């Protein structure tokens, strides 16, 4: 699957962008040239040698704040996506295998979650559980999980009703064997698409929540928080929101690009698409442009 | 389940009784009755054709014999085991002995599109606990029996023709040396050349002593291979006898209609009038 | 209905209404014995494999003039040199039935689609001519085609459910054909469509008229489609694997219905199937196709009793060895 995604140009671009973002998240706080919380005299300073992206209304270095905030933002998005995956996909697959009662219960639960107004609910839970990023992300993850539930269930259903699963059953295969050998390969691609999509969505959500001041408290920087504080000084520095906005956009875009690439290469059609490209790429002979991903 | 080889050769009965013995079987889906009081026995090495139209319950009969639907009344004995009250686990253990196998109508969907032919063929053996190497070797041995070559092993079902896929499905049903193979419309989706090939393979199986239950809507496609023919009509067994008798002296009007409806190379204008009369009779 | 701009005059009245269930079609020829091997032969310019000349009755009266005439039709990709169908020729006179037998990919469906003018792109007729009722189809404008389909040539296919709108009652869908093609009023169209449903021998036409496609079985749907296909009184009906997906008893009912329509209305039939026996039951002449080639062509009895090509012999052997014919053969000999 990874190899096939990488054989697409769009897949390579998406992975490259996401890799850079991941590196930022890992090492960003270390790379920050200045203390992201240190205020200075030069408030709202323009771009200069000392402050590559200028300073904010308290004179804090914007670049440092962006780099420092990246970890929280990216981790938040991942938390959302992974929570949603676990909370959604597992009952989704099980709803196909376990009896009617479980199916009915999880279906109603998923419907209920979808019906909840999402930001409002997040705010309410924060009010109950206390304001922390992890709480906010877990709540968000649960709220997004019906997507995974439905995707996993739909894929599981189409496999469970297929004759080859029955054939395996007739040969004496256990449920575990059938899930491992037949169901897994069919459920994985749509889940991967949903995951990549949710990372993008999660990013927007983390940014929106932090923009609203939920999850992370003001002095600590996040991309959404930066965007919010910059917007207040739009008249003084109209270009200021650009840097956090571009970062958010690039990440969401790359995540969606990855989702598209995963979808393109999954299943029969995807295999044909990739094989076709490979065949075309190889036709000019050894001198032809061999796809990078094919060799990896 | 660790034993891999069975003491019996295919067809050589460990017990003297029939490989499949169904008595007074009722199956209900909700309020609808799919089968009513059906009794059918298949002796070792015997080929039985089960004929019926869509909704006659012929597939339900097969699924009941395989434990995929549970009967509401009656008893089923498979290979000497009374499976009537079997639970999931008991069924699994019985299936792992590989006594009964099943071939589906649609060869495209009965093979996992993401697994190579070799993976599909070895699955029943791997499930039994046969080591991979041995399973692969045994699967390979069966390819020639269904007139396929080894270079297909690495391919995916999508790269095979319909006829080849159906032969793979037959080979998969054979790898466990079953005593009974149930085939649900195995040739309906195939054209003449492939149909003949599958029927030839079934004939060879029959001479090898494997019992076959051949399910079809078309009496014509079964008549040439079956020893016995059973006719299901609206959930009931209306005819059960030697193939020549059923074809030569059909008792039930539905069997007569089936006979007159089966496309044959010999067309007689009289058939049409007879069909009309039989239809009128059956609908009243 | 307006008569086609046909260059040749027709003696028969060009109205389609004469196809009513109880009327005799003046165009239908005298019923000759379909098995008769002495049908008038003509040295028609046939395809390469047609050793047995077709029964085009040259010089006969206008009534037996072919209503569908296919001359050495070749179908392929216009761009590439790939030819899929390598020359098919046949003539079909009113009240006759022609069978085309072949496996999937043999070109039988493409040939039919060419006659209907609905070849799927990128395929095109690269050579040869098709004449419907004397009009070469190559000269037809899209408007004329629309005029022709339904009123002169019509078709039913496999998988009837996909040819009906699932959200409309079947009666309304037949009535639509009548209103568009024959300009009937709503009330007339309703009455006529019930009548048509009765003529395809649906048991309760009034009930079926108000039902949705999902409420009907495959055999009933195929009848509905046949009713829609003959609604505008066509002279040619192409049945392309129309009974393949059906139970054998239902298949026989549909085939009987087609035979009945042919006898009653003088409809000319093209029956396409992968099963030689299906075709043999109904048709006067058989074409056996394989790989885009016509490997055998001739009167049905001749093809059945004296097959020339190994493939035809295989088709026959299948039935003789594995089919009912094994049991029936001695009975017939007696």
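Per-chain residue numbering starts at 1, and chain names A, B and C are given in the order in which the chains are listed.
Note that in this section a contact is a pair of C-beta atoms (placed from the backbone, for glycine too) under 8 Å apart; a residue touches a chain by one contact, two chains touch by 3 or more.
Per UniProt, the chains are A = Peptide ABC transporter permease; B, C = ABC transporter domain-containing protein.
Because the structure is a prediction, the values reported are computed rather than measured.
Each of B-C and A-B has its own count of C-beta contacts, and the greater count is at B-C. Central chain by Cα centroid: B, whose mean Cα position is closest to the mean of all protein Cα atoms.
Note: the chain lying farthest from chain A is C, by mean C-alpha position.
Separating the centre of chain A from that of chain C, both taken as means of CA atoms, is a distance of 57 Å. Computed from the mean C-alpha positions, the centre of chain B lies at a distance of 35 Å from the centre of chain C.
Computed centre separation for the pair chain A/chain B is 49 angstrom, with centres defined by C-alpha atoms. By the touch criterion given at the top, residues 1, 66, 68, 92-98, 100-102, 104, 106, 109-115, 120, 123-124, 127-128, 158, 169, 172, 176 of chain B touch chain A in their complex.
Within the complex formed with chain C, the chain B residues making contact are 53-54, 191-193, 195-196, 199, 217-221, 223-225, 243-244, 247-248, 257-267, 272, 275-276, 279, 283. Touching chain B in their complex are the following residues of chain A: 162-164, 166-174, 177, 181-182, 185-186, 268. Across the interface of their complex, chain B is touched by residues 103-104, 203, 217-218, 247-253, 256, 259, 274-278, 280-282, 304, 314-329, 332 of chain C.
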